[in-house]
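Here it is, the structure, as C-alpha cells.
In this document, chain identifiers A, B, C and D correspond to the written order of the chains, with residue numbering beginning at 1 in each.
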Amino acid sequence: MKTSRLEAFSDGVIAILITIMVLELRPPHDVTLESLRPLIPVLIGYLLSFVFLGIYWVNHHHLIHASQHVNGRVLWANIHLLFWLSLIPFATAWMGETHFSKWPVVLYGVLLLFAAVSYYLLVRALLTLHGPESLLADALGADFKGKISIVFYLVSLALAFIHPWIGFIGYVLVAIMWLIPDRRIERKIN
Amino acid sequence: MKTSRLEAFSDGVIAILITIMVLELRPPHDVTLESLRPLIPVLIGYLLSFVFLGIYWVNHHHLIHASQHVNGRVLWANIHLLFWLSLIPFATAWMGETHFSKWPVVLYGVLLLFAAVSYYLLVRALLTLHGPESLLADALGADFKGKISIVFYLVSLALAFIHPWIGFIGYVLVAIMWLIPDRRIERKIN
Amino acid sequence: MKTSRLEAFSDGVIAILITIMVLELRPPHDVTLESLRPLIPVLIGYLLSFVFLGIYWVNHHHLIHASQHVNGRVLWANIHLLFWLSLIPFATAWMGETHFSKWPVVLYGVLLLFAAVSYYLLVRALLTLHGPESLLADALGADFKGKISIVFYLVSLALAFIHPWIGFIGYVLVAIMWLIPDRRIERKIN
Amino acid sequence: MKTSRLEAFSDGVIAILITIMVLELRPPHDVTLESLRPLIPVLIGYLLSFVFLGIYWVNHHHLIHASQHVNGRVLWANIHLLFWLSLIPFATAWMGETHFSKWPVVLYGVLLLFAAVSYYLLVRALLTLHGPESLLADALGADFKGKISIVFYLVSLALAFIHPWIGFIGYVLVAIMWLIPDRRIERKIN
C-alpha cells in the first residue's frame, strides 16, 4: 500500500481541526475595540493550538515523506494519533473560556502528551515495517525531540498543578523547541 | 475513469464527518474536573463513531486500492454509502445527549446497518465492473466479515429493544471484529 | 496548468458543503421516536441537497476528467460555481425549517438555477480553451441535459409561486433526470 | 520535498475557510422575502471574503505551480499565511453583524494586510530556495500587484478611520485589481 491516501486523509483531518477552532472565536455584539478584549485568552489558546497542529502536520509530512509504504497497523496508528489531535479543539475552547484554569490546562497537557505518545507509536509502526536499515530509520535517528517532548509534557503537567500558567509555559517551550529549524535532520530527510 | 477523485472525495467527506462530531463536545462552563463527568456518555459515543468511521475509511482504502477503475454506478454507490455515514454524527449526538436511550440506540444501529448494506452494494458494483477473475474479486474472497456484520447489526437491533446497552455492546463487538487484524486478507490485497 | 488542484479544491469544497448540512439536523431533546417527526422536512431537504451536490460532483468529475488543462478563466468559472453551491446549505436550512414555504422554495430554486448557469459557463470556459475538435467537445456533445435543466428550473420557479410543493417536485424531476444513467455519454467520456 | 502535500493541505484549509463562513448565514425564522433583508450586510461580507479567499487560492495555485520543491521554511511560511486567512471568517462575521462599523472594518483590513505580508514572505521563502535564475523568479517578475496591494491596504486602513465604507471600498478595489486577468503573467507561469 502506498502512502498517498494516508497523507490525504491526515491532511483533511488536520486541516479541519486547525480551522474549526476558529468557530470558537465568536464575534462580539459590541462594535468597540474594547469588546475584543475578552477574546484575548481564546485567541492565545487558538494560536498555541494552531502552532501545535502545524507542528504535527509538518512532522507528519516529513515522516510519511521518508516512508515508502504503509500497512494496516500504520493506518490504525495514524487514526489513533488523529483521535487525540481531534480533541485539541475541545480542550482549547475549555481552556480559553475559563481563562486558563487549572483543570482545563491539565486536560490540554494530557491531550498533548497522548498525541506525542501516539505519534511515537506511529513512528514505531513505520520503523517496524521499513526495518532498521531503511532510509526512514536513518532520517529519524534517535528521535531525540520526540522523546524529550514526552518528558517535557510530563514535567509541565506536574507544574500545572502548582500554577496553570507555569504548565502552559512548559507547553509553549515544547512548541518553540519544534519551531527552531533543525537543518541537520531536514537535510537527511530530503 | 481512474479511482483518484473518488478517493479524494471520500477522504474529504469521512475526514469532515470524523471531526465535526467533536463539535458536540461542548466545553463545560465550570472549571472543575467533575464538570467533565456529564460529557462521558457523549465521549463514549464519539469514540465509537470515530472507530466506526475509521474502520470504513480503512476498508474503503483497501477496497479502492484493489480496484483499477470506476464507472457511474460505482460513483453513485459510493455517494450512497457516504449519505448513511453522514447521518452518523446526528445519531451519535442524540445517543450521547440522551445517555443511550432506546430509540437513539436503535436509530444508531439502523444507520450502521444501512451503511453496511450500502458498503456491500459498493463492493457489488465494483465486482460487476472488474469481473470475477479480477484481482479485486480474489482480494475480497467471500467477504465473510461484511456479511456477518449485517447479521450482527440485525441481532443487535433486536436486542436494543430489550435493553439499549445490550444493543450497544453488539455494535461494539462488530467494531472489535473489524479492528482485529486480518493478515491473510491484507497480504492478498497488498 | 494541470487540472489536479482544481479537482482537489472542488472536491474539498463540495465534500464540506455536503456534510455541514447535517449540522442542521439537531438531535431532539426527547427520547421518543415521535420526537424525530419534526425533523422529517429538514431530512427531506437534506436528502435533496445531498443528491444535488452529488450530481454536481459526479458531473464535475466527468467534465474535468475529459479536460486536459485549465487557465485563469476556468479557475474563476469554477470558483463562481462553488459560490452558488455554497449557498445551498443556507437555502436548505430555511426551506426545511419553514416546512417548504413559498419564498424559501423559490430561493432554493434560484440557487439551483444560478448553479446550473454557472456550470454552463464553466463548460463554455473549458470548451473555449480546448477548442471544438477536442475530446472534451466530443464528449459533451450538445449538452442537452445541461440546457434542459435550466428550462426546467425556470418553469419550476414559476410554478413555485402557485404552490411551493409543485416547484419542489420540479426540482426533484431535474435530479431524477440526472440520476438516470446516460451510458452513451459515459462511454464517450471514458 | 515535493509540493504536493503543501498543495493538498492548503487546498483543504482554504476550502474549509471559504465554506464555514456560510454557517454565519443563519436562515430567518420568518417565511417572507423581507426577512432576508437583515442578512444583506452578512451576505456582502460573505461575498467579499469568498472572493478574497478565491484570489488567495488562485495565486497560491500559480505560485506553487511555478515552484519545484519546498523546505521547512516554506512549510512554515505557508502555515503563517493560513493562520491569517483563518481569522477572515471571524472578522467577516463581526463586520456583517455590526453593519460595517469602524472597528470591525479596521480589523478586517488589518487581517487582509497581514495576509498580504505573509503571502509576500512565502514568495520570499520560495525565491530564496529556488534562486534568482529560476523559472519561479522569472514568472513572478517584480511582483508589482503584491507590493501595491500592501500599499492599498495601508491607505484603506487609514481611510476606514474617516468612514468605514471608504475603507471597505478600498478593499474591494484591491480585489477587483486581482480579478482583472493578467495574461502576461499567466502566460509566463504556464
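As a working rule, a residue touches a chain if its C-beta (ideal position, glycine included) is under 8 Å from a C-beta of that chain, and two chains touch if they have at least 3 such contacts.
Because the structure is predicted, anything quoted here is derived from the model rather than measured.
Taking each chain's centre as the mean of its CA atoms, C is the chain most distant from subunit A.
Superposing the C-alpha atoms of subunit A onto subunit D requires a rotation of 90 degrees, rounded to the nearest 5.
By the residue-number overlap criterion, the interface of subunit C with subunit D counts as different, with under half of its numbers used by both chains. Centre to centre, using the average C-alpha position, subunit A and subunit B are separated by 26 Å. Subunit A and subunit C have CA centres that are 37 Å apart.
Residue positions of subunit C touching 2 or more other chains: 8, 12, 16, 20, 23. Only residues 7-8, 11-12, 14-16, 18-20, 22-23, 25, 27-29, 31-33, 36, 47, 50, 54, 57-58, 61, 65, 179, 181-182, 186, 189-190 of subunit B touch subunit A when the two sit together in their complex.
In the complex of the two chains, the subunit C residues touching subunit D come out as 1, 5, 8-9, 12-13, 16-17, 20, 23, 71-73, 75-76, 79, 82-83, 86-87, 89-91, 93-94, 97-98, 101-104, 107.
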